[in-house]
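Chains: A, B, C, D and E, in written order; residue numbering restarts at 1 for each.
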Amino acid sequence: MPDPVVLKSGAEPWGAKPRRALSRRNIVLYGTLLVAALYYLLPLYVMIVTSLKGMPEIRLGNIFSPPVEITFEPWAKAWATACTGLNCDGLSRGFWNSVRITVPSTLISILVASVNGYALANWRFKGAEVFFTILIVGAFIPYQVMIYPIVIVLREMGIYGTLTGLVIVHTIFGMPILTLLFRNYFASLPEELFKAARIDGAGFWQIYGRIMLPMSMPIFVVAMILQITGIWNDFLFGVVFTRPDTYPMTVQLNNIVNSVQGVKEYNVNMAATLLTGAVPLIVYFVSGRLFVRGIAAGAVKG
Amino acid sequence: MQHSVSIRDLSLSFGSVSVLKDLNLDIGEGEFLVLLGSSGCGKSTLLNCIAGLLEPTGGQIFIRDRNVTWEEPKDRGIGMVFQSYALYPQMTVEKNLSFGLKVAGMAKAEIDKRVARAAEILQIGPLLKRKPSALSGGQRQRVAIGRALVRDVDVFLFDEPLSNLDAKLRSELRVEIKRLHQSLKNTMIYVTHDQIEALTLADRIAIMKSGVIQQLADPNTIYNMPRNMFVAGFIGSPSMNFLHGEIVERGGRPAFATNGVDFSLDGYAAGEALQPGRKVVLGVRPEHVKVDEDGAEEAHRATVDIEEPMGADNLLWLKHAGHSMSVRVGGARRFAPGTAVRLSFDMGLASLFDAGTEERI
Amino acid sequence: MQHSVSIRDLSLSFGSVSVLKDLNLDIGEGEFLVLLGSSGCGKSTLLNCIAGLLEPTGGQIFIRDRNVTWEEPKDRGIGMVFQSYALYPQMTVEKNLSFGLKVAGMAKAEIDKRVARAAEILQIGPLLKRKPSALSGGQRQRVAIGRALVRDVDVFLFDEPLSNLDAKLRSELRVEIKRLHQSLKNTMIYVTHDQIEALTLADRIAIMKSGVIQQLADPNTIYNMPRNMFVAGFIGSPSMNFLHGEIVERGGRPAFATNGVDFSLDGYAAGEALQPGRKVVLGVRPEHVKVDEDGAEEAHRATVDIEEPMGADNLLWLKHAGHSMSVRVGGARRFAPGTAVRLSFDMGLASLFDAGTEERI
Amino acid sequence: TDLEVTHWWTSGGEAAAVAELAKAFDATGNKWVDGAIAGSGGTARPIMISRITGGDPMGATQFNHGRQAEELVEAGLMRDLTDVATREHWKDVIKPASLLDSCTIDGKIYCAPVNIHSWQWLWLSNAAFEKAGVAVPKNWDEFVAAAPALEKAGIVPLAVGGQAWQASGAFDVLMLALAGKDTFYKVFKDKDADMAAGPEMAKVFKAADDARRMSKGTNVQDWNQATNMVITGKAGGQIMGDWAQGEFALAGQVAGKDYSCLPGLGVTDVIATGGDAFYFPLLKDEEKSKAQEVLASTLLAPATQVAFNLKKGSLPVRGDVDLAAANDCMKKGLDILAKGNVIEWTDQLLSADTQKQKEDLFSEFFANPSLTPEDAQKRFAEIIASAD
Amino acid sequence: MTGQPHAGRPSQLLRNLNAKIASIPMILTAVVIFLGGTIWTVVYSFTNSKLLPRAKFVGFDQYERLWAAPRWIVSIENLAIYGLFTLVFSLVIGFVLAALMDQKIRFENTFRTIFLYPFALSFIVTGLVWQWILNPEFGVQSVVRALGWESFAFDPLYNSKIVIYGVLIAGLWQGTGLVMCLLLAGLRGIDEDIWKAARVDGIPMWRTYLFIVIPMMRPVFITTLVIIASGIVKVYDLVVAQTSGGPGISSEVPAKYVYDYMFLAQNLGQGFAASTMMLVTVAIIIVPWAYLEFGGRKRA
């Protein structure tokens, strides 16, 4: 029987082991994380700082020094007055074009992929896996390779250059990864639920709409984040499959950045870059937590 | 008796793995049939075939004399209850119950009536507005049963409905299911691998092994007259004790001899088949082994190896003539390990199996 | 008795939720202690504290009189077996057993010796080269036990090791663990919510509820002399029957009256405490209720509601004076639902509880 | 009528020049919808071609005239401008005639040339040489000789931007200047691989090696950034086409005072007559087709030509316009043009495929000092041998 | 009962009709776009198509030229280097970060957002920013020099020998966050008891990760690998935005070769030959794996 009395109080272990806030473990742990965080934050910092400087200051100082005199002019210019050729309305026009492209493309591509994933996971019919395999291999094909065939297909369908065409293109190229995500997710849902619904007499679409869909919010969030960022950031399809009056923001960004007038206006470029990245960035900052949860909720399970 | 469900030559394979093999089974109107078997023997597969959730590779299924082999699950007049409850998580209990009816386009008033009736029968009235996540396991399973109930079907299919519940709830719900059957008088097909459930609930039990029905009989017959060693060993906990030996003649009457010890077979009803010399296995259930503390001749003496008090009963593991043997005695009778006891069997309730075919003699 | 494990005023909270509250527990050298309680009562938490996997908020833990409150799990001289086995899935059984030793820098020869010994004790020799995925549940659990075994520790901790196994395997492994304990004579602390396991395995059982130990005693005491209604209701399957009523005086001797029916309390050892008028609860286990088919006066007549044949036993659900009551009779005695029977209790084995405090009288 | 016009003129001088075109077109009552795509023809061309072949053509599009659009024409996707050309007597006014020849396929005219671009210029920063303390060179050899002094003063002697076409173009200019017109034609027009492998060319490669050495430290991508180095005196000179002049002008610099220009690198007074042209895809819409004709004639109208080319720094395609406002360098160009010292440029002589291979070779050559002139020449000869 | 007429087996084609209808987009995409497009590409790689596809077959000419082109060889080498290092570093960095994040740290959300946000930015933006940071005149080099270390040289984008590593830095910056996320999700999926068992066994943390946890995360690693690998093969925008393939041709990649020859050089045949080579490489690696992973296996 231990005799707790004789021991000096304080020497006798009791309760939780005391931990110093600056233990070696914590120093290594948080130290590494902080260093990593610096590496990841540095470019953002540089972008923001630069976008707030005037050109003279940029030429003189180094990129890491904070702005001496904060100016929002680069932002204004990037948004409203930067020129490409004859059009001097900056990114503003592209913004709405991007919205018009991103919203339907995201919705439709997710809808199609989720139905595919559902059909693959729950209604396995003969041959489905073969098509799916082709699809997955398709994820590895560089987009550039596929431009030509797609131009031909869209031309034959008579929808080249229309928003519909672009939406279809985004749907096609979003399909492999999204279908994989949805298929894995639906496969991780209990199969008995699906069986119960069938016995209740629900058909393909009813089960999808009434049972599966409401249960799939996490994966829909993941898919949405992936598609919004992917489509918003897309340059290649945006430029090939649209016309100038519907160019998305990235094309405008490319134009601004590449239309060098004398010296590169780094501050305007950075402001334009930040403006273009703002939407996906906001989506991430707002829903990053859901993203991780969604990935954990089945996207990852092979 | 009219057959509620008939299965003819049903077979099913997944790829090259044959799970069900030419299975035949007739289930009477209002019967409570339990499918019992160890994991992976094909119970769920059979149930899914009946429900129409799996396509058989061959054979036919009749429900109320109608060939439903190719029909959709919803048209078969069946309701099904799953181990994992399979409640629609985003719907309230009420919605869960009414979903199938709504899908079928039933009138609102009729739906409400049926839901109310099911809720009353299952005593889940106060839960109707909750979501499944706010229910306990037992309540969830009740709702799942309710979902089958509202569909007003002829045949209820249960796939291990109680496996996810703890022991206490399990025995409670068992009683409720039994009561439900007594009042509804539907046909029920119930899959389990828990023999207590099987014994307590079933009108008849079908014991399966690797997709083949081994014995189909009422619980009493299954327990006391198992057709073969598999059934005998499968039913009963702890398992029946098996002693390998042969028939010998002692005083003109057949006896069972093992490791040089004889046990009289008086009381065992078998007659002709007990020719001396036949290699047999004697099966005795733990509660049919009698132990006495008063001394015995060497041959029938056993020593207590382990004692497992279980409250109401006391389980002894004996060592006897090289065998290990389990014995069930009353909870009040205690034996310290090492105690020597006298062993005898209640031959009227024992079983003899052929050592080769493992069939009952 | 030297204490193998001593717990002093242990408390633990997760944030604001207090899970263990000033818990004290002494476990003797070589004792088999079972922690029994319903889900979420803090059993695993307590075990994890002993193992050093959770840091207590307050209190101390001694293992073999050494204060290990702040020590690493590996230095505490404990081995632990988990419900989910927690085998390292990509290592062979042999690697699983030896990995910890290898990491500790033990010599190869010694490792081999220990693994061989563990394999022999647990009869997993032929499995050594397999990976866990190629093992059955029972085999996996054996390997998990082996992993604790090779570490040659003083104290074994088991966290519901058999919960993931089916009934048959469970009872087999139960016996093996018991045997292991008899041969190794280590201290074992075993968490379960299965009362059969608790009753059969334990030297002493600690029954927990919301982080507090309700009763700590040997299985027999727990079963027959439960300290309060929680323990009484928790142990025994089906549960003890509880009848609410009061003490009355009948012929100068105390009796128990419920819904106008009297039962003599002759044979119940309580003495003074049985003042007439005291509100009490009578607890009778199903096997201590006696039923006879010969007629009885109105008051003690009950009708059979449901019969649950369970092979060796037969469970009856009776209706009597507004109560439902379960009764266990021999497997051979059958009662059709509706039968009227005469009811009496074995008062020597019954329990009386105060209706207010729920403590045993 | 709205007419969408795609082009890749987005640098300062270029954009100003395009504005003149748009102004002229808008004045006809139509509307110029600007479809500028930044990042040189390399980025823009695939988009234009995709849209034309994809069935969503623009109203008009810029190409370098020459062989770039050949196949589109052959595929019947482009509009035949012969009617407009006849009506407006293009054959008579467009000088040199080779410009229109490049637009002509099977006797039909498919494009409207808008300017003459000549690549053969060496632009020099007077300030840089002053700083280095050497006289502004008069020809390539003097320039090479002055390089060490420039380097010592911390000035990059020759600015060559990172984009592949700049290295390739600079080489072509060196080749024309140092090896002469005949060799140039023999190699690029007749695809004479022996000549390409011969000693004449070895001289050129030697010079290119010098250029490579002098260009070390340029570290910019775009041509106008390289030009900017000359403008700001960070570099001594740049081999670049006449479009660079737009940048000097935009920076307010004066030819002869702030910067100097040496056509033909001061060695051979020949300039090429490559240039930009507008092509008109075949449209279904009647009205747009009409607008296309209007645009075509607008582009070649004398006033437009003057306004446009002054801004762009290139030469007009009409011999009959008055360029009184032209600056020093432009006048030098006009002189040479008047003398008839003109040559077809590689855009017209080589297929895009061969051009691209050449670009790959020279961009590697300029970036990778371990690629010897000899090896480079061997590879050059191979490209010429397989050229079409 | 046996006398009853057997209900006929319904047509196989009509079974799961809705599922089949719903899968039409997928089937069309798979067959028409991916399969059809691929076959079309392969067929035309044997022609001498220039600006427009033409069925004039020239045998293996395009392939001979492809493999004789120094730029193609450089592209392949670059892809190999970039691919290998991306795989290794993003998995290692991603895993280390995930493991650190899994230590019940404070500010987990903040750190995770920081690591993940670059993934929200396009490669164009990424390329641009890093081009600037790595620019010797403004970026890191000039800053370090300004601090007094005059001889410091760090100009990966202007040095042919290491330019691909400059691209790699940017690529990792953009992509490791996602890898971290995936692996973190995988780590969180590991049974808590495994950790406890390892602690009781006295296995140090790093060995637990190395020998127990990582092997258990195989499926997650495979998913991650697919995502990384498909990104690697397609790398294009980043290079274009950051270096345009330069200096010279030293940071060229196959996808860019394909694009340039199809559209800039107007030599579709050559571009198709290059894409066919890429497809073949991908197929050799992916098809057997994809088949095992998705084709043959029944639902577990």
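One rule holds in what follows: a residue touches a chain if its C-beta (ideal position, glycine included) is under 8 Å from a C-beta of that chain, and two chains touch if they have at least 3 such contacts.
Just so we're on the same page, UniProt names per chain: A, E = Glucose/mannose transport system permease protein; B, C = Multiple sugar transport system ATP-binding protein.
The structure displayed is predicted, hence computed values, not measured ones.
Engineer: Show which chains lie in contact with chain D and also with chain E.
Structural biologist: Both chain D and chain E are touched by A, going by the contact rule given at the top.
Engineer: Return the chains common to the contact lists of chain C and chain D.
Structural biologist: A, E
Engineer: Ranking chain pairs by contacts, what comes out on top?
Structural biologist: Of all chain pairs, the one joined by the most C-beta contacts is A-E.
Engineer: Just how far, in Å, is the C-alpha centre of chain C from the one of chain A?
Structural biologist: Centre-to-centre distance between chain A and chain C: 53 Å.
Engineer: Could you state the distance in Å from the CA-based centre of chain A to that of chain E?
Structural biologist: Their C-alpha centroids are separated by 15 Å.
Engineer: Any idea how many Å lie between the Cα centroids of chain A and chain D?
Structural biologist: 41
Engineer: Two or more other chains touching the same residue: where does that happen in chain E?
Structural biologist: 259, 262
Engineer: Residues of chain D that contact two or more other chains, please.
Structural biologist: In chain D, 46, 53 touch at least two other chains.
Engineer: By the touch rule stated above, which residues of chain B touch at least two different other chains?
Structural biologist: none
Engineer: Using the touch definition from the top, list the residues of chain B that touch chain C in their complex.
Structural biologist: Residues of chain B touching chain C: 38-39, 166-168, 171, 174-175, 178-179, 182, 193-196, 199-201, 219-220, 223, 235-239, 285-287, 306, 308-312, 315, 317, 328, 331, 337.
Engineer: Given the complex with chain A, which residues does chain D contribute to the contact?
Structural biologist: Answer in residue numbers: 4, 6-7, 9-12, 15, 18-19, 22, 32-39, 43, 46-47, 50-51, 53-56, 58, 222, 224-225, 228, 231, 247, 250-251.
Engineer: State the interface residues of chain B toward chain A in the complex, per the touch definition above.
Structural biologist: Where chain B meets chain A, its residues are 48, 51-53, 72-74, 78-80, 82-84, 86-90, 99-100, 103-104, 144, 147, 151, 159.
Engineer: Inside the complex, what are the residues of chain A that reach chain D?
Structural biologist: Touch residues, chain A against chain D: 83-87, 147, 151-152, 154-155, 158, 160-162, 239-241, 243-245, 251, 254-264.
Engineer: Give every residue of chain E touching chain A within the complex, in rising order.
Structural biologist: By the definition above, chain E touches chain A via 12, 15-16, 18-20, 22-23, 25-27, 29-38, 40-41, 53, 93, 96-97, 100-101, 103, 105, 109, 111-126, 128-130, 132-133, 138-139, 142-143, 146, 173, 177, 181-182, 184-186, 188-189, 218-220, 222-223, 226-227, 229-230, 233-234, 236-237, 254-255, 258-259, 262, 268, 275, 278-279, 282-283, 286-287, 290-291, 293-295, 299.
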